[in-house]
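This is the structure I have questions about; it appears just below.
As written, the chain order gives the labels A, B, C and D, with residue 1 at the start of each chain.
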């Protein structure tokens, strides 16, 4: 073992930070995501038009007056873009958060308790994995007359947790066999306490990375739903922009500014999250660190 | 395990790549040539779309909303045709038909009519078809509310007796709406089969024969033995008609621009900018300028009259003044539709519009006037400037159109923005079609847009839809707003019993109805939906237009028998083939 | 002399700079000698062992020479080391339990490994079967996956595999730490047997476990903070250590001295110095009960008796 | 081994039962009545509309109590009868699906398998070549983060609208009767290419990254270090790493199938491709219970079969599970 192991000065936290700021993937991914966050936050202050106000200039290419051009209705694409971007983050955070929580609860309980509880939860997870949840989402969405971004996020969250549950279960299972868990168990702590004070902190990095993946996943699912026209009925979204661009023949009229920016933003945010995730993996996992 | 063996795998990927490249290179060439040459000669085939939004599966004219494009008109034929553009009835299967007494209508068929299986089409078929209406589930069952009997006088003559004064308007409508069916084939069918069956391999009398269909296309082939070739000296120009079922208008636009469609009866957003050679596309429409399209029906704002504040005629009239229809016409439709007359009467019915009434009671978008009307009627306004009930409760009206009806979806968003300027809060939403139908029919809605009633021979069809009584628990057909006005309803019935030739009588009844309509405002007419028709003139020319001949240019259900069958005879191949 | 190491310097790269993990170590091993290498965690013993066969990612060769059977090993150039590995120098790694590819049958793995080293497996396999029997493994295991073997079986398999080409030098790194006491003993005895039968010429056994070394090693080298502290025959180290560190190490063991892991070493005050920028002079000075001003200078390695080397001013 | 598979079969059976029940129930729990929608399109006069409604309810069995409908659904299923479609009035659901299924399978199967295969190959190559790594990795991340339909849109725009070398919509040239002639097959392939490419590319990106990352893990595994210490050439080590990295990728394939199916559904909608995707969309818009159920049934069966195949392949490929099942020591 190298001498480093004995040096307490370099605490794990500092070490993680050290690698974090030097990891190119993490830095690039995070910068891209943050750049879009900035656009989403600052954009509305820069937008000179409200997103759904129809204007006299229709089908205008990007110009000084309309930075990203206008739609067939003369709406300002930039305004729609920034508000849509906001909603994208809301859906991602909320949907990803709900899915991560559900996955954690199921995964922890299943992996820690084992036995018939595990069997039942496993079965439920399998059913959810096999059911084409997207198709179920479609049906639900089609029948909810008034759908907000939040409702959409909740449904996405409630259907996209299974793989996370499965992964967390496996991790919990292997952690559960460790000595310190055994000690905690012997000391008479309740299961929930052990899960939250012993197991979860030991998997914190893993859980965080799971959340990031679910975050990106929720954004993609939402974009897909919106694109089919089953997204939020109140408020705009990036998927809805693409939906309307297609419906109103932006492709045929060459109005690339209507459907390119929303896709770029989704690809950027989700791609940024994914790259960030690999970067984090390298930071948290010493074996993958390149010197 | 083979998946780990490198060579074979790469060979596979390589093969796909080579195939892809080959495809791309040949695709370029053949997409610009005529890819269809092998099957239906392009110069003899008419490609059309716009009616069929699902796979063609049904050739039963009784299944009125779903039969494959052309089932009535190309395959089965009606006794008369009616051309709404010049208000003319043309005898078709019938040679003539008239009231021979106040309650007897005598119908004479053309001689030499035949079914495509060679059997003659006779009075017996007409009697059989009309008799079928005695069953409640047959779509034209309503004729038997005033019809007493139908009898075959001889092979070409049918006599119909009415119970009392005939419902002239409805009867005239029947004569060109429902087709005559072959008794020798249909009489052995069960009622369920007649009502709900698919009628595969149909035997008709019309100018086209069923040839083939698949998931996306319906193919008709010209009937070489059609009676009309001799009797009417009409020859259908296209040997084949291919009707393309598609789900989205943008796809139809692509096909039209690529010369894969000759006649698109789809709503094509932005078409105005392509008509007349802009962009070099050979695309034309009925009118060379706005509104480009004929008007096919009126889009109405239906209000739920059982709900506050929509039960207040003053509020309804104020709402009418808050409808920013010019903005819809401009931004949603780019001027391919026209705003409606305040009476909702289609342009072809303009003679029935009482202009003095329109002057005094008509409306147009005027948000400040709408706002003023509400204020003077005692409505309160909240701190956000939005109207509240007289007792101070916020009002938020939900306006629904079906999911996926993109022009209406955009339209109601524009209307909501316009209404907000008048201080009326409207929230647009888009339930799935069936969900909307359920809400609408059960009276569980605030505002809904409806255009079920198409152009027809008589404004009666509009008024019975507007004022129809009785009000049932489920209103599945008309008067969705549940407007209860027996006076108006008896005026509608009076109109029904006015002979179609009695224009003066019709006008007087209609004027009274318009007085009620404009003052009570049970529904608000918004705009005329266009009779969408875009022609690509690469393969076929001489399309109907304001400068050529006046024929409805669409193959939508119900339109071939309103004259578009003539269009098929009049178009000309650009290249003889 | 089968192995001659002269003034070897190997650094271990870390965030904060180079750790001088092996800082000028010289020693020799005679033919047939088993040398035990012991010391606390982080004293550089594993780095030393690994550097003789394959520098891993973060290790960096700095200076010094290694000579094996009269030939200099190019340990600083990984590509040039390849021909020597397995044939001349071999390794039984710390992680013997997980050293075998889990998805290959052991026989197949061996065949593929031998082929990749241009050795005809047919020529070697019969010998392998014999040696497996020697370590009480049936030849059936060649047809098994690693998962089908117990920990001890895997350990023995790795021992046989690593020494199959009769290397001159075998480095056995902490091979007993994962085993229970009785298995430990058996494994240790097998190592001696391997030497006796000439499967390996000489051996470096790296371990925490002095008692094992006492059983099998001819000589023992104690390392402290990247440098050699003392080297002598096993008996001398245990019975008559001269370096204060060795003395304290031996003293801190229970009578039947098993292992000195971190907790047991609590007997010695303080911690080893950081090797990032180690202090001048004797590195044990800070913890040494008998340190004096002279210790500020690096103590030379003195041969206090034949074969007994000590790096301490007091030893002289 | 037998107990493993019988256990798996029980799981699959139960999953199938629950999944199908859910898919049966969901459309029925939703507001709106498919017959009402059907009738509404017919614009029938009041008397007729009620009578026709009754006829159709009888035809579709919707006049039965709900539990009876559920039972008839299962009896029908056992007899291979999926009922009548409402959206495609009068056609049996099975024939509607049978027309669409080849298109979807034709898209999905090559896209999934080729995407998986090529992605893994390229990912493995990227893990060993710096230059490739620096190009494949960013491209892979972008592809896997791309919404299916947006990639489809881009491809449609570039190849269909701007370059006009590939058709924008449909499964074959409209009006061309299916035949085994070269023009028809060519037309099929032309229409197939863009939707396939969008599915393939997104999948490819994901697999390439996954493989690259797993390989890097594997190359740091103990067995890799041991082989290195014994002087094994990099070629052998990489080969082992690749082989072992395939295992999580196989499991991943099973998990990904659901997502790819979803992707195929939207991609089909973009290209108006006459597969199950367009059908699902219309079935939903028309509350076509029977068609929806039928399509779901096929998707569920497809996903289950795919999962089962992956399970079997995994068992064959990974000695650890295989040995575990034979009762070998673990």
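The rule is simple: a contact is a pair of C-beta atoms (placed from the backbone, for glycine too) under 8 Å apart; a residue touches a chain by one contact, two chains touch by 3 or more.
Given the structure is predicted, the values throughout are model-derived calculations rather than measurements.
Under the touch definition stated at the top, subunit A and subunit C share these contacting partners: D. With centres computed from Cα atoms alone, the innermost chain of the structure is D. Per-chain Cα centroids separate subunit B from subunit C by 91 Å. Centres computed as Cα averages put subunit B at a distance of 38 Å from subunit D.
Inter-chain spacing, taken between the CA centroids of subunit A and subunit D, is 22 Å. Rounded to a whole number, the gap between the C-alpha centres of subunit A and subunit B is 45 angstrom. Touching two or more other chains at once are residues 30-32, 160-161, 168, 243, 269, 281, 284-285, 317 of subunit D. Under the contact definition stated at the top, not a single residue of subunit C touches 2 or more other chains. Counting only residues that touch two or more partner chains, subunit A has 142-143, 246, 251-252.
Across the interface of their complex, subunit D is touched by residues 53-54, 56, 81-87, 90-91, 93, 95, 98-105, 112-113, 116-117, 145, 147-150, 158, 161-162 of subunit C. Contact residues on subunit D toward subunit C in their complex (touch as defined above): 221-223, 225-233, 235-236, 240, 243-244, 247, 317-320, 323-324, 328-330. The touching residues of subunit B, counted against subunit A in their complex, run 248-250, 253-254, 257, 268-270, 273, 327, 331-332, 334, 400, 403-404, 406, 410, 413-414, 417, 427-432, 435.
Residues 11, 14-15, 18-19, 22-23, 26-27, 30-32, 141-142, 144-150, 153-154, 156-157, 160-162, 168, 209, 213, 216-217, 220, 255, 258-259, 261-263, 265-266, 269-270, 280-281, 284-285, 292, 295-296, 299-300, 303-304, 307 of subunit D touch subunit A in their complex.
Subunit B makes touch with subunit D in their complex at residues 1, 3-4, 9-10, 12-13, 16, 19-20, 23-24, 26-28, 30-32, 35-36, 38-40, 45, 47, 53-55, 57-58, 60, 63-66, 135-142, 192, 195-198, 212, 214-217, 219, 240, 242, 244, 246-248, 251, 254-255, 258, 260, 403-404, 431-439, 441, 452-453, 468, 472, 476-478.
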